[in-house]
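Since the structure comes first, as structure tokens, the remarks are kept for the end.
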Amino acid sequence: MHSFPFAPGHGGRLSENAPRGAARAPLGDAAARYDAVRQRSLAICEPLAVEDYGVQPIVEASPPKWHLAHTTWFFETFLLKVYVPGYRPFHTDFEILFNSYYDGIGEQFPRPERGRLSRPTVSEVLDYRDYVDAAMRDLLAQDEADIVDRITLGLHHEEQHQELMVTDIKANLGLNPLKPSYAAAPRGNGGDDCAASSDALAFTEYAGGIAQIGAQDGDGFVFDNECPRHRVWVDDFALGNRLVTNGEFAGFIADGGYDEPTLWLSDGWRWQRERAIAMPMYWRSVDDCWFEYRLDGERPLLPSVPVAHVSHYEADAYARWAGARLPTEAEWEFAASPWAIEGNFADDPRAPHPRPVGGDAMGQLFGDCWEWTSSAYGPYPGFEPLRGALGEYNGKFMSGQMVLRGGSCATPVGHVRATYRNFFYPPDRWQFTGIRLARTINRS
Amino acid sequence: MHSFPFAPGHGGRLSENAPRGAARAPLGDAAARYDAVRQRSLAICEPLAVEDYGVQPIVEASPPKWHLAHTTWFFETFLLKVYVPGYRPFHTDFEILFNSYYDGIGEQFPRPERGRLSRPTVSEVLDYRDYVDAAMRDLLAQDEADIVDRITLGLHHEEQHQELMVTDIKANLGLNPLKPSYAAAPRGNGGDDCAASSDALAFTEYAGGIAQIGAQDGDGFVFDNECPRHRVWVDDFALGNRLVTNGEFAGFIADGGYDEPTLWLSDGWRWQRERAIAMPMYWRSVDDCWFEYRLDGERPLLPSVPVAHVSHYEADAYARWAGARLPTEAEWEFAASPWAIEGNFADDPRAPHPRPVGGDAMGQLFGDCWEWTSSAYGPYPGFEPLRGALGEYNGKFMSGQMVLRGGSCATPVGHVRATYRNFFYPPDRWQFTGIRLARTINRS
Amino acid sequence: MHSFPFAPGHGGRLSENAPRGAARAPLGDAAARYDAVRQRSLAICEPLAVEDYGVQPIVEASPPKWHLAHTTWFFETFLLKVYVPGYRPFHTDFEILFNSYYDGIGEQFPRPERGRLSRPTVSEVLDYRDYVDAAMRDLLAQDEADIVDRITLGLHHEEQHQELMVTDIKANLGLNPLKPSYAAAPRGNGGDDCAASSDALAFTEYAGGIAQIGAQDGDGFVFDNECPRHRVWVDDFALGNRLVTNGEFAGFIADGGYDEPTLWLSDGWRWQRERAIAMPMYWRSVDDCWFEYRLDGERPLLPSVPVAHVSHYEADAYARWAGARLPTEAEWEFAASPWAIEGNFADDPRAPHPRPVGGDAMGQLFGDCWEWTSSAYGPYPGFEPLRGALGEYNGKFMSGQMVLRGGSCATPVGHVRATYRNFFYPPDRWQFTGIRLARTINRS
Amino acid sequence: MHSFPFAPGHGGRLSENAPRGAARAPLGDAAARYDAVRQRSLAICEPLAVEDYGVQPIVEASPPKWHLAHTTWFFETFLLKVYVPGYRPFHTDFEILFNSYYDGIGEQFPRPERGRLSRPTVSEVLDYRDYVDAAMRDLLAQDEADIVDRITLGLHHEEQHQELMVTDIKANLGLNPLKPSYAAAPRGNGGDDCAASSDALAFTEYAGGIAQIGAQDGDGFVFDNECPRHRVWVDDFALGNRLVTNGEFAGFIADGGYDEPTLWLSDGWRWQRERAIAMPMYWRSVDDCWFEYRLDGERPLLPSVPVAHVSHYEADAYARWAGARLPTEAEWEFAASPWAIEGNFADDPRAPHPRPVGGDAMGQLFGDCWEWTSSAYGPYPGFEPLRGALGEYNGKFMSGQMVLRGGSCATPVGHVRATYRNFFYPPDRWQFTGIRLARTINRS
């Protein structure tokens, strides 16, 4: 068992000097960072047909075109209109069309109808991006703290939307009966066959105590919801050394997991019964063999690859079936904080997909799949949202959603941290969401 | 008062020799007719951006791309697969994707989700059209009756979809907050101002008796739902000489028409209350002046232009407010059958829109707006649907819908007849649907 | 074939002197008639437990308590408040609570929530009835035409609600898993066994021509929707001599009728698919034998009894399967008008239920089951609704509903006429609704 | 500021010897305890009319009759069928009808339709109770631990339903436009007038540290969800000394609280906008003065009485408006555990209602209103549900709901504890749910 690194009351910080990715880059190169992030959004769309930019296959997703415009709207609204005297907005209607949810800014075009807007065209949206990027030049050269902070926030915001663009593109193409491929095959997934199994899951034990979680001053960029750093009591626990695999999840299905009500939360049981859900999103059974739609097309399911696209309900039911449970976010952060932020992130032009992991060491904490925790998303003690309309960024969603940790294969490199808190509703599963098991250790 | 042209029992037919439009063209030029109709579908889409081909702004409408593919699927399914030995379908999945409602053919992609398919792309759909058009060449040269009949049906089918393409494009663009223009202004609508009024409505009286309505052998192409020709008793009636205008309908609104329950059918009252509907589709009130979205953009409402885009409920309520009623389909056909099929049809590349009419003569029976009748859509006595899956073309919709007559400014020239029966649900209003008043004449 | 009794143009009236039932009783005994009708409502409720008065098992139905109060509200609102100076309403809130749909009177308590009102109690509703009945004494003695007409209307209105009370009670008890009996067994249904069959259906042919349908002055009480009497053209047709039986409908099911889309109207197909409907309401299959809930409890299905509780969609699909169609309302009235109004009506305290009929003669035109016609419910030519709020009685429902004719085993004796037009939405089936077949006769 | 009573690491238990109410009564008098609890359910219904037993005004509530039967079903299912050889159930259909949510037991009658069952009648349900109570006699004399534990659970279960009966009766009567009174006025609410205000809210500060919350062996009866007792870290905090009052909440409304999006959680904003909610349930504004429906009828709102019937969303928005927040469940239990379980509980036949409190001392922790916490309802570390179908009692609801603490004026005396965890969905507000404020103390 690993020993508990910091004694209660020491107030020690975990992983103080851990690398934090590009967010921590010196601010002198703000323009380069800005250009790189903005360019990355376009690169994600590069394999798309014009038609692919506009559709909204499920109400939770948005068209790629909308993401391209909304991230631009963010810079226009929170920087150009505020800090550039005499700035003329590109198009007055865009304020409503591309406002996502900022009631403090004003009215919004209804989210479920984003997919019915053929205009502005892709070309007009790209013009909008160029127009705003040009106007941003001057601001990128300034070193006023407020401006720098907002630019940084805008870039992290765009990185979040880059992940959504990938998952929304996957929903767009994957729910199309033609099941088109977005891009070439990901590396490292070959050679597996439909019958293969993976190594047994190992657990690492952790001694509990008073831990500290959350981010603090000097950590570089963090979102408001990661703060403040604060003490929590953590009981002894054990954490699975890797994500649950497709093969393991297929075992749950084969064992009748979706038909056994005692494995399910009441809300989850109703959810899967009413929607006739009996497998992860993107799975399909053909002649008793599983297939999975990936960004490179529909393929035979690889058993040793982490299962992805499961809801919180499915993750929770699987854990109960496996005699385990989901970790709390405190347990997860406690275990993850000493590690370098390395893993299967979206650093590659090829179609992102989770990858198998070998060996018994604790692995896959970062990248591959967001890991559902058992923790409802709420404010940390002493949480203070940002001031003004930007205060709506995170705080108002602290109800009804669950925390996910660790990033995924669709997350830009350098975007996540051990303290990073992602959040989705329990039924959501169009993100790369997976399962890490935990166990309570009884010392009686 | 016009006299009743045929005495009861004479069995006389009205307008036996009336011109019937292009459908009656000699069959020798089948290929030319085929090319012309197919080409016209593409011409309608010519002003569109690629993005405009894919969206489905309301569930009743379909994306233009879907119309282009579905009309092609019709020829592939009912002609190529049946009559061309060894024909290889363009894409097996298209059978499901572009089957509209033919249960006899098989499964269909869900209609409300047509707008979420980014693939096939427009380019692929155009390839599909080329592929099928090429394969049709041989069949177009044959004179076997079944083949000729099905080709003729397929072309009339495509013309119906051409009208839907126009109205669906209008919904796509008109419900977009940017309100883009589809094409240049229609002719003949200039010069009107917001306060202008139109001439008083005149009524023409008709003496009733035993009439005959419906189509019969030798009439050229007709749909199965127009047959058989049969006797009906028509009481004396009077018919408005023109369509109700925007200005008149604005008077109904100004008089509180939408707020007076006694003017409305019970279903209609609930419909407008639940949806907060208080004006025709595409109208907007800005600073106490009405504006209307047309295919050439949003414009000040022209009072003398016929009101369009009203539901059956609104047409019925307006008629009651005006001390009149809607005509039955028998009355309409009785009055219309002697007339040449001339009017404001979609014969022009410019954006179709209803046009004002002058004078006291009976006018606008054909073109401008489909005219809601008070007749529920049902089978004529002795109605026989086509055999096989094509029997689903018209017959299975004879429930819950209302008959409309006369065609609209979006109807291809030569497509309609005096016997032509269009049908929509009472709340539908994205077609160019207007109002002609009728009155019962009491001879006590 | 029967000959056509009136030549075209004669203007002859059918069945001018036919007996019309109690509605035609001399008005001198208004009080006795009033008492009898009012008492009959209470007699229907006599077998009920207090709990049975309040529930609303389906939104289309209303609690018996509500019917008892609403029929009382009708007299209070349209007579006592109008004609009795200084009349003090029993309870001011009752105006809203027991107003069914008269927008001209004012606000209404939401219909779907009638079943959630435990107050007023049954006892309070009976007090309300007593209070209003006492106040009506004076008016019953008057012979002013308006008052007499409104009282007559109020009594016919209450008879309509008596039929609804029976069918709503049946839904209440029949949808309860305990399937309690309302009253003792109906006569004449014994001795049948599960395998029995009935005689083949015979058709009577009618020569068409100009008929007259509808009611006219001097006919005694009729509803506004039956007027005016008017000419219609009727083609030659044939009518089934009896209603379709349970055994015949079971044959439709056994033949896969519910699974064959070409038998169904498009709306009907969607209706039964979405609700997984595969048999008439109240049927249940146990060990391959059919059972039917009747007002005397669940019993083995009797094959020779008319099928009841089918929707218009089911009636229409059955007719198509049987190579026939539903009659128009004109055909039905034309055939029915010469007959005396005799049949299986609700003249008996025992649980009403359809009864088998023997012989080849035209039978069951009145009573047993309301007969779905193929006619959409609309205004007769020259229809004039009653003035004021009472004008909402019938006219505003002339949209989306289908006409039914002939009355049922739950209809009070003397309530229906050959001209009587009942109407329900196509999916409705909690009334005693059945099927009579018709055929077109081709004389080519 | 209060000092923190137990140092970190001591493992000390809070309030080890606190009285726990009737649940801790010696088991020798099991029969007397059984009779008392069972009788209390009947006493709650004593003021009802027969009609009041059956209605279900909102889907979350159940008819009183259903509660009377379901609590009986609990004893029949989990005791009589298990431990009494040859026990014959009262009615086989009742297993489905009165099974609330135990999938392990079998099928259930749909919850939203409980209000449409007129049968069994109240009288039959009382027979059911008598039958089961008689059969329970023998088991009540036994001292086998499993039997004793299940009887104890059954009685606590019935007490929970007693509270639901009161709140469901309130919804039944309070949503009825007649607003009938359930029982005579509660004590201690007189004399207030519409303009009165209450004393300013005081806060008590608590020093944080490692606390222990939850129940442990030897505590007497507790539910599984209160276990195990475990350590939590609590930061310094302050807690309001009383519940928020009607007057204070009226101030929030007057200040536009319902119209200011930045005060609301995103889910809560959508909730109140879509439902047009602008005041607590049971409030009504008449001529600019507030009225509140209470179990003794509609009354002018008393400003010094605690506000009740607010959702979690409203509680959270109010707290934000007041510059405070809701307490966590750990903070609440930490503050409450030293106190005796005394307060305004349902110990009185008169209509329960919250009461004002005076003075600056910490008050109203128990009774009056359930207090919304900011804690999502989840499993304690090491939580183990009961075995078998009883494991569904609490555990499967640990998703999407929020914890409430302290009991209400409708909670039976002796039922709650400092460790007691109630839970409802954020929008629920038909319980007596109120607001206690908390604040974070920053010691920088």
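Order of writing sets the chain letters: A, B, C and D. Residues in each chain are counted from 1.
In the analysis below, contacts are C-beta pairs under 8 Å (C-beta built on N, C-alpha and C of every residue); 3 or more make two chains touch, one makes a residue touch a chain.
Everything quoted here is computed from the prediction, not taken from an experiment.
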Shortest chain-hopping distance from chain A out to chain C: 2
Separation of mean Cα positions, chain B and chain A [Å, integer]: 48
Centre-to-centre distance between chain D and chain A (centres being mean Cα positions), rounded to whole Å: 37
Chain pairs that touch, as defined at the top of this document: A-B, A-D, B-C, C-D
In the complex, chain D residues that touch chain A: 8-9, 101, 103-104, 210, 230-233, 235, 237, 261-262, 264-269, 312-313, 316, 325, 374-376, 378-379, 381-382, 391-392, 396-400, 426, 440, 442
In the complex, chain A residues that touch chain B: 49-57, 65, 93, 96-97, 109, 115-122, 172-173, 175-178, 180
